[in-house]
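Multiple structures are listed underneath, in structure tokens.
One chain, chain A, links the two complexes that follow: it is found with chain B in the first and with chain C in the second.
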Partner chain A sequence: MNVEDFFNLLKDAVLLAGIYAAMSMGMTVIYGVMKIVNLAHAGFMMLGAYFAFELYYLPERLPASWVERFPLLGHHVDPILGATLALPTFFLFGMGVYWLLVRWLPRSDQPTLASLLLMFGFWQVLQNAGYLIWKNEDRSIFTARTISPPLHLGFLSFSVDRLVVFLAAVSCVVLLQIGMKRSWFGMSVRSLIQNPLASQIVGVNEEKTRRLAFGLGASLAGFAGALLAMLYTFSPDFGSPFQLRSFVIIVLGGLESFSGVAFGALVLALVETFSIQLVPASYQAAISYGLLVVVLLFLPKGIAGLLEKKWRVA
Partner chain B sequence: MAGGMTVAMPAGSSRRAQVALAALPVLALAVLPFAGMPPDYTRILFTALVWITASIAWNLLGGFAGQVSFGFAVFYGLGAYTAMMMMNRGFSPYTSFLGSMSVAVIASFLVGLPTFRLRGPYFTISTIGVTEAVRVMMNNLSITGGASGIHIEEHAQFHELDHYYSALVLAAGALCVSMLVANSRFGLALRAIRQDEDAAADLGVNPYRCKLWVHAIGAALTGAAGGVFAHRAAVIYPQDVFAFNVGIFILLMPVIGGIGTVWGAVLGGIVFVIIKESLVARFPKVHLLLYGALLVLIILFEPDGLAGLLRRLAGRTRILLGKQPA
Partner chain C sequence: MKHGSVPRFAICTLLLITLLAFAPTASHSSTADENAISIGVVLPVTGKEGKPGQYQKEGIETAIKKINEAGGVFVRDQGKKLPFKVVFYDDESDAAKSASLAERCMISDNVTAVLGGYSTTLGEAESVMADRHQTPWITTGAGATSTFSRGYQFAFGALSPITVLGSDTAQFLGNLMDQHKLKKGLTVAMALENTDHGIDYGNGINQWIEKHPGYLKVVFSEKFEYPGTTDFSGLLQKVKNAKADIFLADAHLQDYITMHRQYLQAGMHHQMVSYGARGPDDAARKALGAGTDYIFAGLWWSKKLNYPQIQQFVNDYKKYTGHEPDSWYAAPAYESVRILAQAIEKAGTLDRIKVRDALRKAELKDSILPGAIFKFGPNGQTGYPFLIVQNKPGDKVDIVLPKQAATGDAVAPIPVR
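Showing the complex of A and B:
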């Protein structure tokens, strides 16, 4: 591997890390506030992908007379715009799911089995509803950007699609960071993560924050799903490898910290990108799963040990 | 109430009743093929018995010890593959089933040694990683035939009843193990771990070791179930026996039936096979949707599963009966 290859792989890893960070943020928000490992994350991501897909191909479905009357409808909705629209849509959807299912779960300061099984069952419902609606076919969103020639910067070459997705993901993550630092909601979320009891004493409305946090988690998952749909083909089974990656990332990052997520995303992206040099491509899928087990093996105290180490460094 | 019927039967006096309760259906199933049962029913019962075995096995770890694993497909698949490969090398099917059990036990330690360092829910998630990693590996290894699967090379004469009785013996054995564990010191230790791991450790239980052992027992039974299944199926594919869905099904049955009870696991297995057999051919995706919805409903409304529902209904009828003037 020469220097140019190395830097190109490094660039690939950074681009990948951007989208990984965006997709894991939703899981961290939900975990942090209500200690629920959102196993329906994959379902939300899958719906986000199809949301962008349906919006993009909408003009071809609409009757011709409508398009004639309203020429605006004839335009394809760019997946980036689709992803942005996914944010409010999935926010409402997530709050609906919270209202319908999640709020009945017993509260706990650590993940409960009931929450795990509930979210898992809901994922199965979403996934198989997806199979009923969209059938078991691989779909992709094919835009003008998909085939446009890569940009060159010195010896680095950037695929336009990946660059756009990276920029969208990173701006979302940055905006989220600012929101978490500045807004009342962000402060409520962070205080609930730190100390639920104390934050209630100082006037944080726990129920409302939980509802909003679940909505936010779902909207980030939908957003990430729509972005990923630009890069990969998808089927109703789309989210499951990314869901496990999200979990690996938030475990690496210490589960409740937003900056930890960025760190975890970078680690996983680096490992995945550079392992192509060593491991045959057909075993690629096992990398993130393997990494999860490796993290467990080398951090025998599990997540708590990881957190302690992180604090010691910081 | 006359007859001394109490809601919770004391463990000592009910043991004989429990054994009788278990022996009756097993005996009934044993004589059923001679009572003119149609061959198609034999096949369905075979399937049911294999799934019930896996359900009981999962319930030992997930129900009694409270450690939910999504990864039992690993043992099921390894059992199926081991049996297949041993039979192809000239071992008798029954020796091969023992081989399945041993391989599954070894695998259970390989999986359990690192993952049981994690507490409850984190263990659960790590099992998702393990089962996916194993599936990817089995899809690519050449020794197992890769994605194109593996089949029995020498066909002995096919006796439906052979398969049926091996499944029945296995399921009955699993039921015995489950009842023994439920009534033993070991079972008490497992329940203590489920309720509070730290408190159990303070009382002199070694949670790590207990979990490893019950995981191994569950794996052995699941591996044997995989072997029995493979012997009848004659062709197996990694995407079938190692499928993530297999792990889900194995987990769903006890949850539907009633997690942590001997009979809940059996009940869940029966309900599962009924739904599967009546829906899977006509609506291949709907039955998964239904299981997902069922899981959601059970968690929200009846966390003790069908067994809990039955117990509650029985309690209500008893109250109704008790209120009636004698």
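Showing the complex of A and C:
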């Protein structure tokens, strides 16, 4: 491998890490605050992908008379805008799911079987609803960027779509970090993650924070799904490989640390991208899950736990 | 910051996922009827193979409707015509379910024969049941040779082997070299899914190259995981580094779209590109637009074939389903029912062993499949030629090989975008 190849692969890994981080943050928020492993994460991502798809192709479904009367309706909604709109939409949807289902779960400082079953069942409901609405067809979003030639920066070449998705994902992650550090809600979330009892003593409204956290987790999953729709085809069973990767990433990151998730995403992306230069591509999944086993055995608190020994993260 | 107990959490989660993944699910079924010929159909109409499975189911149902409307199949030892009755199960694209449902058809539903098994993975799972329960089984959607290399006596395959797809692909490239559209001695990079399908495809190409020295040289060949690969950038970087003239991949539809999207976004170009049996699929053309132009593929069937019986099939299919066949999936499934009907009529009985023996000798001489003759080989698998098609601008698709069925000339090399 020459220097150019190395840096091109490094660039690919960083671009991949951006989207990996965005798709894992939602799972971390929900786990951190509620100790619920959101197995419906893939379902939210699938809905996010269809949300962006439906918005993009809306002009083709509207009656011609509407488009004539309101020419603005004739324009495609760019998937990036679709992803942005997914944030508030899925936030409300997530809060609705919390109100309807999640709030009845017994509280615990460990994941409970009831929560795993509930979220898995809800994922199946979402998936089957998807089959009813959109049928079992592979869909994708074709924009002007989809097959545009790559941008060149010296010897580095950037796929326009991947770059746009990366920038959107990283912006979201950075804004989330800032929000978590500076807003009252963010501080409430962090305090609940660190010490639920003490946070209630100092006045954190646990129920409200849990509801908002679930909404935030769902909105981040919807956002990630809409971004992934720009890069991949999707059908109602979309999301499983990404959910598994999110699981690996949050374990790598230490389950409850936002910075840890970013590190975990980067580590997984680097391992996946570079490992197949040394071993056949068919071992890619084995390497990813091998990494999970190694972390579980030797770094049970994830990368964040390792770093915490030297400095406080998140 | 407090951290959770990761191992306990992880073990609980993985255990739950594993348990739930193997939980049984309900499927529609009906039981055998003495005044009908019960045949089992086990196909995926949900899950990742749901769409091709649905098309194959429609192909089977179209044939059954046509046969039943004509009074059914004459069964000599009963002295009358009997209609087909289908016992259908959706295996939800799950290999374990596919095998157990095929077994259920053979044991509990007491069917005369079982049709199904799309794709190779699900077909492989079902195939072991045929000999175990001495029931003729025709796979409508599994083309890997491994299924038919184990000496099974009750397994039949309606798809030409994937090795033939590989060798016909290489033959097409060889023809282009003979026509001086491509130079001889070009190099090939291959990216193959890590399944029997992918292995057979690569073997077919390599076998042709061995038999025809001087045409092609493989400089890179690697397998990727199926299913589960979400990103092909590392693999494509290796393909790029191989600096080959031709890129040949074998992939399922979703992987084909994802890989080719990343191929285009990386600014890659080869003189010829193929994704095995993928190329003209509607979903890919919608997903990548002009990016799929000039990709060539080997197909088991096309409605553009110029046989008179094709139009009749297309009309019947459209009448039954409300839409024309937009891919090859329905045709082998349709022909599987017709050849089974012929075998039962020749056997004159619903005895499974006698039907199996008749299937070995059965031959459709008015087949809608390429070559117009459909029969099974000594190992149970059919062996009709593939159609090589090439995508053209404006969503056009031409048959470019065999010559007598060609609807247009092959464009080679692919113009630089």
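Observations, loosely collected:
We take it that the second predicted complex is superposed on the first by the 278 of 314 C-alpha atoms of A that agree within 3 Å, B and C clash if a C-alpha of one lies under 4 Å from a C-alpha of the other, contacts with A are read in each partner's own complex, and residues count from 1 in each chain.
Throughout what follows, a residue touches a chain if its C-beta (ideal position, glycine included) is under 8 Å from a C-beta of that chain, and two chains touch if they have at least 3 such contacts.
This one's a predicted model, so the numbers in the text were calculated from it and none came from an experiment.
Within the superposed three-chain arrangement, the count of touched residues of chain A is higher for C, of the candidates chain B and chain C. Once the two complexes are laid over each other on the shared chain, residue contacts for A:Leu9 go to chain C alone; chain B is not touched. Of the two partner chains, chain B is the only one that A:Leu101 touches; chain C does not reach it. In the superposition on chain A, contact is made by A:Ser282 with both chain B and chain C. When both complexes are overlaid on chain A, the residue A:Leu118 reaches chain B alone and has no touch with chain C. Applying the stated contact rule after C-alpha superposition, one finds that A:Leu132 touches chain B and leaves chain C untouched. Applying the stated contact rule after C-alpha superposition, one finds that A:Gln177 touches neither chain B nor chain C. Within the superposed three-chain model, A:Thr84 lies out of touch with both chain B and chain C [touch as defined at top].
After overlaying the two complexes on the shared chain, residue contacts for A:Glu272 are found with chain C alone; chain B is out of touch. Using the contact criterion defined above for the overlaid structures, shared-chain residue A:Gln200 touches neither chain B nor chain C, since it reaches no partner. Shared contact residues on chain A (touching chain B in one structure, chain C in the other): 37, 110-111, 113, 116-117, 120, 131, 241, 247, 280, 282-283, 285, 292, 296, 300-302. The touching residues of chain A, counted against chain C in their complex, run 5, 8-9, 12, 16, 31, 35, 37, 39, 110-111, 113, 116-117, 120, 131, 136-140, 142, 146-150, 157, 159-162, 193-195, 231-233, 235, 237, 241-242, 245, 247, 251, 254-257, 272-277, 280-285, 292, 296, 300-302, 304-305, 308, 312-314. The residues of chain A lying in touch with chain B in their complex are 37, 101, 104-105, 110-114, 116-118, 120-125, 127-129, 131-132, 240-241, 244, 247-248, 280, 282-283, 285-286, 288-290, 292-293, 296-297, 300-303.
By the touch criterion given at the top, residues 1-10, 12-13, 16-17, 20, 45-48, 50-51, 54, 191, 194, 222-225, 227-235, 237-238, 241, 253-254, 257-258, 261-262, 264-267, 283, 286-291, 417 of chain C touch chain A in their complex.
Every residue of chain B that touches chain A in the complex is listed here, in rising order: 66, 68, 114-115, 117-122, 124-126, 128-130, 132-133, 136-137, 139-140, 244, 248, 255, 285-286, 288-289, 291-296, 299-300, 303.
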